[in-house]
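Heads up, there are several structures right after this.
Next, two complexes with chain A in common: one pairs it with chain B, the other with chain C.
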Partner chain A sequence: MASTEALSGRRPPTALPRLRVPAWALVLPPVAALGLVFLHPLALVLWQSVSPEGGGHGFSAYADVFAQAAFRDALRNTVLIAAGSTAGALVLGFALALVIAFVPFPGGRAVGRFVDVFLSFPSFLITLALLFVYGSAGMANGVWTGVTGAASGPFDFLHTPWGVLLAEITYFTPFVMRPLLGAFSRIETAQIEVAASLGAKAPRIVRQVILPEALPALAAGGSLVLVMCLNEFGIVLFTGAKGVTTLPVLVYGKAILDGDYTGACVVAVVNIVLSLALYGLYRMLTTRMDGVRRARA
Partner chain B sequence: MTTGIRFDGVTVAYGGTTVLESFGLTVEPGEVMALLGPSGSGKTTALRAVAGFVRPTAGRVFIGDRDVTALPPHRRGIGMVVQQYALFPHMKAGANVAFGLKAHKVPRGEIAARVAEALEMTGMSAYAGRYPRELSGGQQQRVAIARALAIRPGVLLLDEPLSALDARLRSGMLTELARLHRELPDVSMLYVTHDQVEALTLADRIAVMDGGRLQDCGTPQDLYRRPGSAFTASFIGSANLLPVTVTDGGVRLGGTRLDVPAGGAAAGASATLCVRPHLVGLGAGPNALRGTVTEVQWRGATHRLGVDIAGHRVTAELRELRETPPLGTEVTVHFAAHDAVLLPAGADGGEARG
Partner chain C sequence: MLVHSPRARRAVQAAFFALFLPVFALPFLVIVTASLATGWSGAFPSGATLDHYRAVARGDALDALVTSVLTALAASAAALVTGTWAALAARGTRARRVVGVLFVLPVAVPSVVVGLALLVAFSEPPFLLNGTPAIVVLAHAILVTAFAYQSVAAALDRLDPACEQAAASLGASPLRVLVQVRLPLLLPSLSAAAGLCFALSMGELSATMMLYPPDWLPLPVKVFAATDRGALFPGAALAVVLMVTTLLALTAVSRIRTRAAYR
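Presenting the complex of A and B:
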């Protein structure tokens, strides 16, 4: 008599060979790899920061670095530029994403797709492009001198914090736009139309209908940009290094130019702590917002 | 308060495609007008032209005596309810209802009273503090209606408002909408639907649309009893549509002469005879037709019989039969002369819809 498996054409599932390795052992390889390529170098930086050149271990290097005006300037520049760039990218990104998502214009979809491409551009490319436009021999000054006959143009801000700010806003704005465009695509057009039919003008619709729905995306994009700005090196080096020093540039200066590896490690540790603190703040805010959203659901 | 709607030769085209063509219709103050038609008939486009979300390529739209063709939506003074409710998810029901009042800059002290009044009217007073996600579909739609009514619009636009609800909720909401219409006699309502039951139940008049054009317009009773076209006859209720030839004093279906008023139709002309299935009787009677039973359906209170008569299918909706004729047997069906309507030729014969 044929078996039911043979009649039905099915075969009994093949049992996998039982693994005798304990589950915790399976975690070891990835943890070892992570430790080798990431945690160990990080630990070395931390260790170096508490190992002054005079020998022994302690926090004297921290005291020395914190006492330096250059460090305090770099810390202030880093926070101010990161905060300013993030604010600028949020405002500009929100406005541009609004236009792309809700104002029909020819080529709007192509512009939306270009945002994705823009994210893959290296940061120095944007800086280089700004040099061509606003540099001392750039297009803007060229037009000015051509029109007025003056010997030089008025645009000379690229090597100031404003230049860094402009470059970072230009480069990081698409990082805000991408999650916003995703959020906007999920807003029902009917909500906006009903709001308009109820007498709401565009600013009220943006403020009371669109913005609340876009807040999580805005927070995600903003925090990403903030962390990236805190650690941005290429733009600052390319644009403002002459007059603007940030923590990453200070690390580079101490380690490569001055040979002060302990001081460089101290600044690097401060930079990491700053980034982690801001990331923690972001997680706290998003968790709270998620909690509110879940409570509504 | 301006009220009433008038479409004056409105044409709407997207690119090279005309979706609404020379549309003319007047909705009287306080009237409920249903725009009824299949998908792509242009009914939603017509509603959106009133709301200001599509700009006519020709013609004008009036609300009351105001030409609103070029006005932006926020200046038209309309209330709008859509199929998917479109409540603002981050606002509680009360805040949703207050939205339009704030947009209209109603004094702060008056807003709370008007929100309470609108929620009371829709039976949602107890739910003012809930978020939309905490409400059922029917409750959300009630809040959406309260939100539209709170601004006291002269015109209320309803775009398939019950389509997302199940049959039981839909029936209850239809009753609620009919009650609201009685309580708000000054508000003109334009009600877009593809559901003939909603249109027949709620509307004072129905505008039947197809292919971007107005096909017919009249009271539900007129359109049902005396449809102006085969399309209207088949779209509003079920209809037997039979191709006939007009004779002196009647019509001829194949070789059978039928006693039906021909109106002004000339003898020899082709026409379509419309008889509602529930007005067809089984057995001998006036305008008797012999045919073969091709289908028997039990529908609870009724039996539906399909009978092939000279190659044309005639459907009879009969009160539940004690004994049903077997398939393939010959039967006689009949109808009264005053229950038949003669329509211009053009429809497929013998098909009952609905």
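Presenting the complex of A and C:
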């Protein structure tokens, strides 16, 4: 298998001038590989979701899953946590990026570097850290019991949706900051100086000069984060919260813990549809943003 | 400069650090500290120890690290070859849009679902991969190919066509233009893509949890297993090992990148 791949990998470029292979034909090998290992399996998931256990084909598995309270809870949790995390990440990311870009301070570049490194770490590290900070025997509760002498501390939200929300806002805020920092670096400082010299105060400059320029980046970053929140698995798994189930966790539970592949496929299809719809929106916003940028240039 | 009065500027900066440090720096500080502590039941950890790292060095955690690195290397290589090929071949053809959408699709599909799809597709002959390390590598490769493709496609858009046109007009064959002109010019973004792919694959948990066979346990799964049974401190040590390995790889790659950019 490997040797035939290597052969076919070498042949097209050398054969090009003699055989007159059309240029687009060279696209076929990687697309075929993607089709075999990604698109075809996805199609099989769709097929399995309409092939219930008893045989035949139909939507009975969908009716079963939709009737389960666990599924409806998971769907609600997923959407609410994703919307909340995205809103939180947008507000926090905008404020932090604003300071980095427009109120320069020594070490600002290092902070920007740190944000880049942050993006390449896995999400579950945040939950792991929060366990030490807010866990039942963690820092915050330790300080509280030390100061007040109480038997246990007041911080007990890690295993609730609020814990997941806090972890997701922490992890996804840098994903909003990076496109914003890029957009801010393209704003002419002269524009801000003019607005300030005409008497506009900082809040007004932010609202009327910076925000309109940053809106496309904000929209693009926000929808990307929304999709990533809908698909987030590690953070929810690590909180170990029985009360908080999201769609990806439900897929894992049904497939691996219950062995119910048809049910897992149904939940997976719902999750894909939700994410793809939002991702389509994201692509639309980013291509429009590119178009605006090109038109200006 | 948005804030002109020095006092207001200092206030804004203080507010920034009051927000930034606890939210973003504290998590890493806490994990590193916990990995060196025997216990933590107050404001500060109690007892310094290297036991957790000694356990990593002699236990099966070392196997997990090797497993993760091998998986990440194999997946990044496969993703780079596929992504670069697709970006190069689709450039300037009508297929470009379609190929772009197809290759970025794995980002939008939940990783858990990618894992489920591979389980459904490759659990029966003739493609029986379930239970082998290959299925984990395959999942990682699929998930990171999108980033390799995007990175190379963006670099190709910025590439000055004059160099390759000059080479072609001097009689260089398409293969020679590719190997001697285009790929060297792409080297900086290729190495950046390699670093990103490696880092993402090192930390991949969602699809791996669906697929890993008992004899191929990557590091994130090991971290989860440790914290799940309540062994938070050894888990923190494993997480530090994971972060340090990722950082080392990223640093090495950025070295290559600066050297390539100077040439």
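Definition applied: the second predicted complex is superposed on the first by the 256 of 297 C-alpha atoms of A that agree within 3 Å, B and C clash if a C-alpha of one lies under 4 Å from a C-alpha of the other, contacts with A are read in each partner's own complex, and residues count from 1 in each chain.
To be clear about the criterion, a contact is a pair of C-beta atoms (placed from the backbone, for glycine too) under 8 Å apart; a residue touches a chain by one contact, two chains touch by 3 or more.
All values reported here derive from a predicted model rather than from experimental measurement.
> Check whether A:213 is in contact with chain B, with chain C, with both or with neither, and answer first, second, both or neither.
After superposition on chain A, A:213 lies in contact with chain B alone.
> Is A:148 touching the first partner chain B, the second partner chain C, both, or neither of them?
neither
> Once the structures are superposed on A, label A:197 by its partner contacts, choosing first (chain B), second (chain C), both or neither.
first
> Does the superposition put A:188 against chain B (first), chain C (second), both, or neither?
The answer is first: A:188 touches chain B but not chain C.
> Applying the document's definition of touching, compare chain B and chain C: which contacts more of chain A?
So, of the two partners, C touches more residues of chain A.
> Can you give me the overlap between the chain B contact set and the chain C contact set on chain A?
In chain A, residues 193, 196 are touched by chain B and also by chain C.
> Provide the residue numbers of chain A that touch chain C in the complex, in ascending order.
9, 13-14, 16-17, 23-24, 26-27, 29-31, 33-34, 37-42, 44-45, 48, 92, 95-96, 98-100, 102-105, 111, 114-115, 117-118, 120-126, 128-133, 135, 137-139, 142-143, 146, 170, 173-174, 189, 192-193, 196, 202, 205-206, 227, 230-231, 233-234, 237-238, 240, 247-249, 251-252, 255-256, 261, 264-265, 268, 271-272, 275-276, 278-279, 283
> Taking the touch rule as given, give the residues of chain B at its contact with chain A in the complex, in rising order.
The contact residues of chain B facing chain A are 51-53, 72-80, 82, 84, 86-90, 99-100, 103-104, 131, 133-134, 144, 147-148, 151, 157.
> Enumerate the contact residues on chain A facing chain B in the complex.
Going by the criterion above, the answer is residues 188, 190-191, 193-201, 204, 208-209, 212-213, 296-297.
> Which bits of chain C are touching chain A when the two form their complex?
By the definition above, chain C touches chain A via 1-4, 9, 12-13, 15-16, 19-20, 23-28, 30-31, 34, 40-44, 81-83, 85-86, 88-90, 92-95, 99, 101-114, 116-122, 138, 141-142, 145, 173-175, 178, 195-196, 199-200, 202-206, 209-210, 220, 223-224, 227-228, 232, 235-236, 239, 242-243, 246-247, 250.
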